Amino acid sequence: MARTGVIICHCGSNIASVVDVERVALAAGQMPGVTYAATNKYTCSISGQDMIKQAIAEHELDRLVIASCTPRMHETTFRKMLTKTSINPYMLEIANIREQCSWVHTDKEKATEKAIDLVHMAVAKVLKDQPLFTSSIPVHKKCLVVGGGIAGIQAALDVAEAGYEVTLVEREPSIGGKMVMLDKTFPTLDCSACISTPKMAEAGAHPNIRLMTSCEISAVTGYIGNFQVTIRQKPRYVNHDTCTGCGLCEEKCPTKVTNLFDQSLSKRKAIYKLFPQAVPAKPVIDSEHCTMLKSGKCGLCSKLCPLGCINFEDQEDFITETFGAIVLATGYDLIDWAKAYPEYGGGKYANVISGLQFERLVNASGPTEGHIQRPGDGAEPKTVVIVKCVGSRDPAKAKAYCSRACCMYAAKHAHQILEKIEGSKVYVFYIDVRTPGKGYEEFYDKTRADGAVYIRGRVSKIYEEGGKLICKGEDTLIGKQVAVEADMVVLETAMEPAHGSTETAATAGVSADKDGWLTEAHPKLRPVETQTAGVYLCGTAQGPKDIPDTVAQASAAAAKVLGLLAKDELETSPMISVVDAPKCSGCGFCEQVCPVKAISMVDVPSMYNGKRVTRTVAQVNSGLCSGCGACSAACRTGCIDLLGFTNKQILEEVDALWQE
Amino acid sequence: MARIDAENWEPKILAFCCNWCTYTGADLAGLNRMKYPDNIRIVRVPCSGRVNPQFILRGFQKGYDGVLVCGCHPGDCHYTSGNYFTRRRFLLMKRLLEYAGIETGRFQARWISGAEAAKFRDTVLKVTEEIRALGPNHRMKEADDHE
Amino acid sequence: MSDVQNTLRDRVRSLLAEGKISCFIGWGPTRFKDRTIPKFANKPEDAGELVYNEHCLSNLAKYALDFQFSAEVAGIAVRGCESRAINRLIADGRLTRSKLYLVGIPCEGMLENGSTAEKCAFCRHRNPVVYDELIGEPVAEQENPPRFEQVLELESASSEDRYDFWQREFAKCIRCYACRNACPACNCMECYTEQYRTGWQGKQANTLENSVFGFTRAYHIGDRCIECGECERVCPMGIPLMKLNRKLVKDVESLFGSEESGLSDDASHALGCYDKEDLEEFM
Amino acid sequence: MAEKNLSSLSAANAVRIEALADSIGAKLHECYQCGKCTAGCPMAGSMDLMPRQVIRHLQLGLLDEALHSRAPWICATCYTCSARCPHDVPISELMEAVRQQAERAGIRPIRRSHLFTKYFLLPLKWFGKNHELTLTMFYNLASGRVLQHFSYLPAMLKGSKLKIFPARVKNREAVRRLMENCEREAERI
Amino acid sequence: MKYSYFPGCGMEATGIEYAKSLAFVNRAIGVEFIEIDDWNCCGATAGHSTSHELGMALPARNLALSEQQRPGMPIVVPCASCYSRMKYALQAAQGSENEKLSRLIGMPVSGAAEIVSIMEAYSDPVAAEAIKAAIKKPLDGLKVACYYGCLYTRPPKVTGMENCEDPQAMDELVRLTGAACVDWAFKTECCGAGHHVDLPAESKPLLYKIYKNARANGAQAIITACPMCMMNLDMRQGAVNMAYGEDFDLPVYFLTELLAVAMGAGFGECGVATHFHPAKKLLQNLINNKEVV
């Protein structure tokens, strides 16, 4: 027989002035299964708690109902208190007679009636409570970072510096991402390579960091603290263990291929390093273009390599490892503007280029060694038009959102042109200039002082006539059509999530918004966490942003990872779903409604009509279950149930008032 | 509980409120000392997606005059998607109950966020009045005339 | 139809003889000319006892559950309704397609007491939607049978009349659970009604408990009902259960745009998914 | 230019603008004044208000200014603006709606523009088909530009590009009734 | 191949060369255009300027007549303006306005038939193949600019054109004659033909830019598939030259004229002889030079 204790709290006069607490206690004392009922002035106070502890000991209580304020206020307090008694902390129900009774009703008689009902419901429920025990899961103290751009590098370094092992996975043959393509960074005009390559080298050499380039993650199972990740190592055809990176192979390779790192502005070889400062500084073979791999002819590199590192038989490889935390830093791409903007020539004019192409043109290590030359004829452009918001803020053609960084790098581009080309003219077509950042507005001011002409209006058409690119716009500030005859046009195109990033994120159980940006757990309060515990995100994977914000977010994600890895074990809530396997039909309805993919269908040995058989039933991953109960509402039989809110408990609550 | 004679009949309403939004909204109504009728009895559930439609049938069967299911606004679910399933379940259940001859309005569902204390109060006011107008639940209540 | 019967017998005989299947589920004769019962042919010589005529009213699909853990392949005759039931059972995890050999039979509707069976009158899939081999030629489907006519009629009655209607009907119920046992969508290992520990609902056979059972069962199968009409056919008390099930089917189709259940063995069903743009009436 | 007191605009004004936008399914708030419409407009050079400014006036509630603008009448209905608008604002259609509303209110910012429509539809109602000679004759007389296009006449006659006698629809009654139905329908709205 | 044919008013007057050359090409490639009996004017800009209803009802009557006379047969429309109006009416007839339209025109209209331009009709693989086969005097060496104008291309939601900034259908047909098509920027820019009567002066700058870009890209002639554009581009070239002190010499041809000439038609037979801007010489020289060689 249950021995329930019921404590009715006065909460000073908060409850007692409206609810006749003594009458409630009296009524509670009459309820089935109640051994002890009393009131208390301030139940949450130390003395109030002492009084409960005493009553538990004295009356040998095995469960407790406290009628007081909302459980959202003191449920934890009272559970903690119960750990110091003989009662399991989960043998507790709270009747909310303050927020949902005394504070909202004025009729004392009726409020007292209602308080009795609420206590009755709580007693009915507590009678079906079972002791629950938190369990702990070990934390595998190792972090996986997906994406080797500046965000991934920063996060990896921060975690590694704190003493934990990190695996940094990058699908390209080198880490570095987009930042290493850039020439200078706004607003300080630091050389981008000068500040990013040391970070790359540091990451490459760090004893706690394992670099895995030309790799992608292909599967993730498990849960916070214990993710099993399968990593696909794409064939490189070069043995990086023995290769010294001497470069002979690359020098002699006869096959020339469009260099995508240089945004198609130059050529590279079929065996190549992504760029001179690549980390690791070792080449790979581009299987799409290598004539040996395509037609079995050539093999020059293999013949020349003094160490025999070339392996044309190289195959993809799968490596499975366990990680406690995952950081997604999958980055961005630029939209394919040519497809979206036929009115800008749709890519047919060589001298209409993207912002990233301009970065390569102006970059000292780029195809022109930093001389701004038109791709069409190599001439130095005297008049340059910069068009902002190409694909951004344009839901009809591309993206509805603002890409955030373009206003500033457009100003930077204008500044660089005016600085490098004497007597040049720069026209910047803009819709709004957005400069919310330290030193940003000042940089914009300076660019205008340099002589950049800002024209408020979106360009409608760009076409070539007489060797000039005619840009037609409106200066909306004077309300007149304007045209500029330019030598070169730079389109500051919208960012979009890196190709394949939503698929990669989905592998790790992270969802993306309608544009494909990965979704954070809460836009304000949990900006680097995701709905999947133990998976974090940073950088442009989450949305367009500039380098300072990216790096800040990477460090924030690292801090979250460190908070997790610092623990040896994680305590899990015991209020999770459990399956009554013998009754489960294996229909999978629960699996379909589970928001955190905590339920999987597994084959288990079972008895059926006296025979040993293998059946498929639902299984809950206690590390993933978030305790929402969607599964138990979906289950027709009721064989998956939520501990703490079981079907029986809720039915008892419903029935409580009507039992004689 | 004591049986109440017909003259003094007051509707009794059962409400399932999700812990993260509506239950919090109801607490906020209390914190702001808003006043609403005392006819409502709230059952706290982690998510409106936890509410099995059979709980509704049980509520009517046992004698509640009205049943209300409340949760976060679609899109704001603490568990991401729970209330989208809730919406589907109860769109269907509501129609089934009406088809079964249970008066329209006895069962209702509402989205009320943790900040919408006033909406919670107004909902309780409105639902109470609507159910008062419908009169006691005779159609689905366990009664003495059942064997 | 005797052609079909002969071909069926021939095919089953050779399937059993070749060892392709270990058993075949079809129909067999009874003492009455206008009645058949499900028949299990285990040996080639049993094939001659199989019957196929216009009195094959039983939906065979649920008998396939007898072989759910068998290592061998079971054969089964499938018309439109059986094929959808098989799909449903596969989707619900109760059967495995590779363990079944489906002999399809296009069906032109069965007779019950001399006229077209109620369950066949609204059929939209007389041809099996899945099979391994087909006996006979596909038949023309009925164009837009008025599936929801009876539902619309009851919907237009007053709330009170609807209440009275179901009260009258469920007063008859004897809680024999024949409806549940015959239903291909009612395929839980153990029905919720048997969960005494949870106590979902009382066992008393009174009108209220009966109707709660009826409504709950309807809700449980609402988004998966294949409209085979077996529940209604097997009800000894003549309760018009399809009038309840079709209400749910109609609402599921119109609210969520779902396609009919059992057209494929895809596990998705209306309540197991959602659309952010679903109808909003709870604001 | 006199100050525009936005606070003094009547609510009825806002209702009229909304109705005008609704009639063509335009959402005026979608326009963020980027000017791409004006930038690509072939006729902007002849307009008093840029297409963008016509929308701006409507956004601010300055309906009269929009109705008195020459721009909607100069618009060539080439749809370049609509096709390129980043927010899918149907600007060409909006220009037409403004034009129709101005016409209904008897506002004629360009003295002759309404004449073209009038004399285009006249032979149409008579013959069921357009007749360039009738149109040109009436138009030139009414607009006072009697000799407009006169110089092209010999060449046109030589190439038999100009029909002296109009082609006719057999069932002229049907076309006439159709046009009257439309007039009634438009008035009803 | 058979099409229901809505010629539009222009084909009977200013577009006479178009009608002649079209007939020639159709005969040569075995395509039949069957004129809709008792069609009426589509109302052009004047129709939809007056009211939405008139703009839809006038073309809708033609749709209804075609449906009645030749159910399901696609309707070919050789004029950009008529094409646009017919497409608008088609959409209206297919949508929620169907009932209203039927009421206004006093007969049922379903919007079941497809509306195609000459370019679309001739781009059909069978027709294109027939055109290729019918070319007798290839126009190799000729460089032309294909001009599409507004209403075949925009608004894309109505015309259904995929790339409304740089369409290719006409270019591909012209290339069948052996002529080369220049890549130019004013393919779809407006020529101002809509203001031909009321604001004729306004179209001069538009035309000037079109000629200028065509010439800058090396075109010797402009090709169009619309009688309205033709009239504007052909008739006003002299006036534009005068106004801008230019000497543009860009004969304008209908697409069908070019095809017809390449198929061996005589200049009078296909209309080339009666243009405002002399158009015969360019083609004649081209053909003669070849014959000499």
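We just call them A, B, C, D and E in the order they show up, numbering each chain from 1.
Going forward, contacts are C-beta pairs under 8 Å (C-beta built on N, C-alpha and C of every residue); 3 or more make two chains touch, one makes a residue touch a chain.
Worth saying up front: this structure is predicted, and the values here are computed from it rather than measured.
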item	value
Topological distance between chain C and chain D, in contact steps	2
Both-way neighbours, i.e. chains that touch chain E and touch chain C	A
Contact distance in steps, from chain A to chain C	1
Remotest chain, chain E as reference, centres from CA atoms	B
D-E against B-C, pair bridged by the larger set of C-beta contacts	D-E
Identifier of the chain whose CA centre is least distant from the whole-structure CA centre	A
Centroid spacing, where centroids are CA-atom means, of chain A and chain D in whole angstrom	52
Centre-of-Cα separation between chain E and chain B, whole angstrom	67
Chain A and chain B, separation of their C-alpha mean positions in angstrom	37
Euclidean distance of C-alpha centroids - chain A vs chain E, Å	54
For chain C, residues contacting two or more additional chains	192, 200, 271
Contacts with 2+ other chains: residues of chain B	53, 58, 81, 85, 89
Chain D, residues touching no fewer than two other chains	45, 80
Set of all touching chain pairs, with the criterion as stated earlier	A-B, A-C, A-D, A-E, B-C, D-E
For the chain D and chain E complex, residues of the former touching the latter	23, 42-43, 45-46, 74, 76-80, 82-83, 90, 92, 96, 99-100, 103, 110, 112-113, 115-117, 120-121, 124, 128-132, 135-136, 139, 143, 148-149, 152, 155-156, 158-163, 167, 169-171, 174-175, 177-179, 181-183, 185-186
Complex interface listing, chain B residues touching chain A	1, 12, 14, 19, 23-24, 26-27, 29-31, 33-36, 38, 41-47, 49-53, 55, 58-59, 62-64, 77-82, 85, 89, 121
Touch list for chain A against partner chain B, complex	70-72, 96, 98-101, 103-107, 110-111, 113-114, 117-118, 120-121, 511, 531, 575, 593, 595-596, 626-630, 632-634, 638, 642, 645, 647, 650-651, 653-655, 657-658
Contact footprint of chain A on chain D as seen in their complex	32-41, 44-45, 49-50, 52-53, 80, 84-88
Residues of chain A touching chain D in the complex	343, 389, 393-397, 431, 456-461, 472-476, 479-481
